[in-house]
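Consider the two complexes below, in which chain A is the common component and chain B and chain C are the respective partners.
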Partner chain A sequence: MKNTQISLRQCGIIIAMCIFANKILLMPSLMFENSKSDSIFVLIFLFALDFIALPIFLRLKKHYPTERLYDILKDKIGVFVTKLIFILLIVFFFFKCLLVFSVTYVYFKNQIYHDEFIFLAFISFLPVISHAAIVGIRAFSRTMELFFFFVIAGFIVCLCISLFTPISMPYFFTTTAKDFFTSTYNHIFSFGDFAFLFLVIDRIKISDGEEKSIYKYAFFSMLLVLILYILFFAKYQITAFMHNNALADMLVFSVQFNAIGRLDIIAMITIMLMTVFQMEIFSFAFCECFQSIFPLLNRAYAIVFFDILFCVLYYVFVGKYENVVSSVVSWLPVLGMIVSYLLPILFWIISYQKRRGKIEKTD
Partner chain B sequence: MKKLIDYIKRFPMIVILIIILLFFTPLAVFSPGENRNRGVVTAIGLDFVDNEYEVSLLTFIPTANQTYKQKNSVISGKGKSVVDAISKASVAMGRDVGLAHAKTTVVSESMLAEDVAESLSLLAHIASLPENTVFVCTNTSAKEMLQNSQNLVDELGLQLEQIISYNANELYVTDTSLEAFYKGYYSFLKSSLIGYIPLVDSEDTNTDSSVSSSQNTDTSQQEVQGDSSPQGGAQSSQSKKKILNEGEAVLLKSGKMVEKLSTYQLSGINLLNPKDLNQLIKINDVDLNGSIMDLTYRLKDKKVLTTTKFENGYPVFYAKLILSVELVETEGADENTKSNTEYSEITPEIANKIEEQINKKYVTAVNLLRKNGTDVIGVTSKFFRNNRKDYKKFIENHDTPDNFIKYVTFKLTTVVQPD
Partner chain C sequence: MPFFDVKQKIEELKSALNNSVDFSSRYFEKNGQEIGMVFLKSITDQALFSEALYLPLQTYEKPLDMEILRNDIIKGTDVKIIDDNEMVQEILDGKIVFFTNFSDEILAIDFLKFPTRVPSEPPTSPVIQGPREGFVEDLQTNITLLRRRIKSPDFTIETLRVGSVTQTKVCVGYIKGISNKKVVRKIIKRLKEIEVDGILDSYNIVSFLQDKPNSLFRQIGNSEKPDVVVSKLLEGKACIIVDGSPIVLTIPFIFLEDIQNSNDYYTNHHYSSFVRVIRLFGLMISLIAPGFYLALQIYHYNILPLNFLITIADTTQGLPFTPFLEILFIFLLFQILYEVSLRLPSYLGLATSVVGALILGDTGVKAGLISPPGVIIVALSKIALYTIPEEASQVTVLQLLFIIFGGSLGLVGIISGLVYLANYLNTIDSYGTPYLAPYSPRIQNDLQDAIFSKPLVQIKTRPKSFNPEKEKIK
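Take a look at the complex of A and B:
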């Protein structure tokens, strides 16, 4: 039988990629518009909420080490509700993928490919992510493992270079509680990064005592994102809203490095790699959900459906980048809240019941 | 055929790779070079003439030659908005305008009569403007400035942005980029500082600070206009002009010019800036070794300590300057002291006189900032940061944050010590 399991290190890398998704380019400036430099607290708050899902995942994994999420839910809440949840997950991962693509596409369009058209971007991305979705989690997580060092190195270089320009402590506590919670609600969709883990719960190989390393990866990635926000707001302060590509903008406008040339190539490569990996993860999640809902259709149908939906929705319906971004802060947060917080609560209840059942049996 | 289908099934990525290569390779091979479609703009000039914007672009069009000489042209376009003017300039150039390498943005003084931020918003939001675009003002038209700056390169190999960068590092001691302008523009008191480099008729000036003489007859210089009607800038550019760099700057409030600053005023503003070193302080009639001398000291090191307080409900800004100075020139009768400028004992008299000079400068700067309701030294933000509660209370009871600096009492203590 084909081995489809991934190691805990690979799982950690996937988590890191999910944590970086949608947070390092556009979100800092969008957040700044809502909650100024206090966005850092919004970020910490949302990360803390996300972090709670991790022990729930580990507990669920402990009780159901080899079972698929679909099967776990089917046994507990029935087929209909399970399929409904999986439809929500499909929409969630699809829009996450669409958002990652939109933000990166606009970034690259502004930076290099001014005259390019959208289909060229589709041709560059979709075959790669379709292939990843077909070959499975084990194959693409190994690719990520290979490039992880370069991604992290690129990220850290971007952060370090910004230290050579004048930075000063941002002004905190300048916004109201309403601003804080508005900002939290508006950007909730970009979080909920551990939802993917529940979906591949049966594919992760965790030995006893290894759980800690998953926390390390999550904490390290969150810390990097947090440092990015702090440095970004410290560097640009009140003009942060003008800079839509946070990680890349840490390198530009750096007087000291003007003479060296286009250092932003470092950010470009880092962002490119991250985008491909994140899209692979989300498209794979889409296909997993699709296959669970339609068990008779194989993976090829799922990815073809994904590709067609992606092109049509992007080009015809969503079309403009602004529409994607406005959706993220208007109706997608509701979906984000359901997937990021309500589902983990449901999983917690399931694992609690299982534990109670076990205790009752032993009694 | 069956074998081929099996092969495709086994290695789908190879087929995809071949398809992608087939798609992209002809595009890459047969598409024209980027240089044909895009003009590389190295500096942008903005003027407002006859109720129209005129955008001038110092453009470098890469061509093969044997002299390694860069061929630049000033191409301009006029329109009701900056975007309109740029598109007309693009038509005149016969290429798209590539602003990614624009390192200098020049505006004419007349542009600063109104809020210049609105006119610059297009440039500020161009994500492909990755490098620091230095923002500078000139007395005549920006177009003329670009035309004359071109000759700096031709005659001296000196770029305009190099002069501005020198000023920014040594005189303004602050970032004068477009980004810095916007930071100031959106700050509490909406004030920014930008460089000022005037153009003067070469016959009219005999200053040492002029960096180039220029004549608009250079063969390498061309001028193309996006609007067929002749206009002022182009006409006046026929006369000889010099770029006069005296290290002046312009103080802006809400994007409008409120004051032109001399180097003396600038050094006063920069007194609290620890990076601002090498200032010369001249004191007269000092008793040194029994003879009366005029001494010039150079500022070698500076420590700045600042505190903000509210005393009796009013803001007080305390600053302490610890200056290390070095004697660099002596004038007077004592030949021995004159030939030993390294002699740098700071007598109480010398310290008092230096302190007097520093205080005078500081008072000038503070009065200037108060008069214009501007704050380019960040006093307001210091109060906001350190005494936020008192600051908010004060603003509620007294005035808008705009006038806060007018109520601040400045207190300066200077300690002078040898280097």
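Take a look at the complex of A and C:
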């Protein structure tokens, strides 16, 4: 067990990567269609909802420092319901992974490759994420730790360069409450990033007094995403819905971009790194759930199943990311709500019960 | 009843050593006291033997006993009492085995002598400033070079024999109280488990000591310089000295050690930090430059600044090869020239360079077979490779892989390759030390002497990565 543990810093970086997932390319323009510049409030609202899961996670970790989520749930709610929850988690993480891939696929296809060959190029991610899922969380979290500086630096450079072009603050409160909640519902699947933490609850090494470090990473990455949205809406105003690659487009339409040269390589590399890391996280989560449901099968079966499912489903969606996007706003939000909000409530009840049990014992 | 039939024992030993041509024995009889001495003349200092043992024995008038022999007669050399079954091995180690008919004691007297090099500056690690001594092939000299620098009773050396035929002496050196005990125990255990006929060089035991023997990346450090090995011992590592090899191994090993160089510690720390960044940059250029160039040329040409793009378009127009084959061809050409220049005598090396650089390179460009940017990129990556010569072998293999990734998958292939590589390196632990420490995982304490280094006066603790027994430097 010791060899598979990760530090709190690595955990924070994983969370940061999850927070960037699906939010920095396509989502700003999609959100704008629903709720205009008030999307920023939607974002803040969804982030705030996400944040509630963090203290629940820390409390649960305190009560069950070394136990797996599967074992905790099995003891409390039985094997059948636990397996059902893990099936939901499998679907949740799988579609998160597929969504990340689809959005990045479209970005690169439009930006560079322009032909179907990109499908092959992008499939090159699969061996990488399969390898990561097999070698485990410790290895890939260390890799993320190694590249984290470059990812954040790339992100910040993209934001900073956009500041050289004149921007004006967007108009707020132009939409109705219905638009607000529609937008919230439509994009809820892209949130709920802390679900991953519960899944690897036994792998995270937390010393006393260190807990706030995880808040720092979560807050910092949410802040970066929020700044991106503000700058994006400030820069593109009513045309924001036309810019499907928010982070990259912040660079492309800057004066300095043309003066210095093709700086979009910064965005490309940043997005590529983020995509690989996010896919690694989600595929690992998929394999963890798979192995919990089928404990007799080893990790290789899980990842082979993931790869086959991924290729088949991707083949269905290839070049038609509209299909993925329509799924995101139709049935996936229901799944997102269950995983992001109902499960943390369940975990809160479990940790509350445990705490009560401890107090009664002490009395 | 005599303890040994001396003449018979000499014959037995001669037979045990298969009547070897360098077998030599002396039989000595005085007042009914018989003495036998057996040795191999090829590895024994015969002049010293005559002067320090044979002549004093002949001139000694009183009756002999072993105590007198040890204390009064044998002078200026090591003597130890051995068992009957150790005699052959001691003779093979260059000792003179001494036995008598009046005592059951057998003495092994050290008169070992064989040709050795004088410690000189190793060709692989020259320094601008700092000590110029290097290890030699003689185990004892190498231990002396270390002992001279560590005048501490805690510096411990344990000796083992490895190789069923060669019986090579392998020493494990460490500083008690600093080096991690578990690491030392693990090294000794692995050395004891080695089952081979012979160990001819320290490299022969490397794969037995590595956690991942099939890995492309070396997980054991090495050095030819005693000052470097001592500094590693002081960090909490252990060293392995193999008789017959001028290369001393150090364990645990991390990737960062290849970025660091002994020169760094004999210059200003600002400058050493600067050159380490340059080395790292050189390594990255060497690793991905050809693949990246291919990715840009084939898939992402719109990223290139217009002037640069025009230059490339001009020079690559009309080439018979695709960009991928062109770079592959130049890469292989460079590698062939490199291999040839390594193995040819120096007087032919110049001719090869002329043929390679002028005829193949220049004429190839003029003939329109290869493009100048292609040659420049591959040459740059090959030169940059030697900013870290220790990594040259593995990076060369990786260069080829990145050429394939960049040429077939573009930038996505390069990034995928880099992440895969980092994931793989992060699975390697060298005796409990993460291979990419202190950056991955980040170990704040060890960043004081990583890529950027602090002045020595500010370094108060040993690197935590190596789990030393004592972290504070006193």
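Throughout what follows, the second predicted complex is superposed on the first by the 351 of 363 C-alpha atoms of A that agree within 3 Å, B and C clash if a C-alpha of one lies under 4 Å from a C-alpha of the other, contacts with A are read in each partner's own complex, and residues count from 1 in each chain.
Throughout what follows, contacts are C-beta pairs under 8 Å (C-beta built on N, C-alpha and C of every residue); 3 or more make two chains touch, one makes a residue touch a chain.
Values in this document were obtained by computation on a predicted structure and should not be read as measured data.
Within the superposed three-chain model, A:108 lies in touch with chain C and out of touch with chain B [touch as defined at top].
Once the two complexes are laid over each other on the shared chain, residue contacts for A:346 go to neither chain B nor chain C. When the two complexes are overlaid on their common chain A, residue A:125 makes contact with chain C while staying clear of chain B.
Look at A:145: by the touch rule set out above, it reaches chain C but stays clear of chain B. Greater residue coverage of chain A by touch, when chain B is weighed against chain C, goes to C.
When the two structures are aligned on the shared chain, A:245 is found in touch with chain B, with no touch to chain C. By the touch criterion stated above, A:9 is placed in contact with chain C alone, chain B being left untouched. Contact with both chain B and chain C is seen for A:264 once the two complexes are overlaid on the shared chain. By the touch criterion defined above, A:272 lies against chain C but remains apart from chain B after alignment on the C-alpha atoms of chain A.
Looking at the shared chain after the overlay, A:214 reaches neither chain B nor chain C. When both complexes are aligned on chain A by C-alpha atoms, chain A residues 124, 127, 131, 262, 264 touch chain B in the first and chain C in the second.
The part of chain A that touches chain B in the complex is made up of residues 107, 110-111, 114, 123-124, 127, 131, 134, 166, 169, 171, 173, 236-239, 242, 244-245, 252-255, 258, 262, 264. Contact residues on chain C toward chain A in their complex (touch as defined above): 299-300, 302-305, 405, 409-413, 415-416, 419-420, 422-424, 426-427, 434, 436, 439-442. Those residues of chain A that touch chain C in the complex are listed here as 7, 9-10, 108, 112-113, 118, 120-122, 124-125, 127-128, 131-132, 135, 138-140, 142-143, 145-147, 261-262, 264-265, 268-269, 272-273, 276-277, 280.
Taken together, the chain B residues at the contact with chain A in this complex read 12-13, 16, 19-20, 23, 96, 103, 124-128, 130-132, 175, 177, 179, 182-183, 186-187, 381, 384-385, 388.
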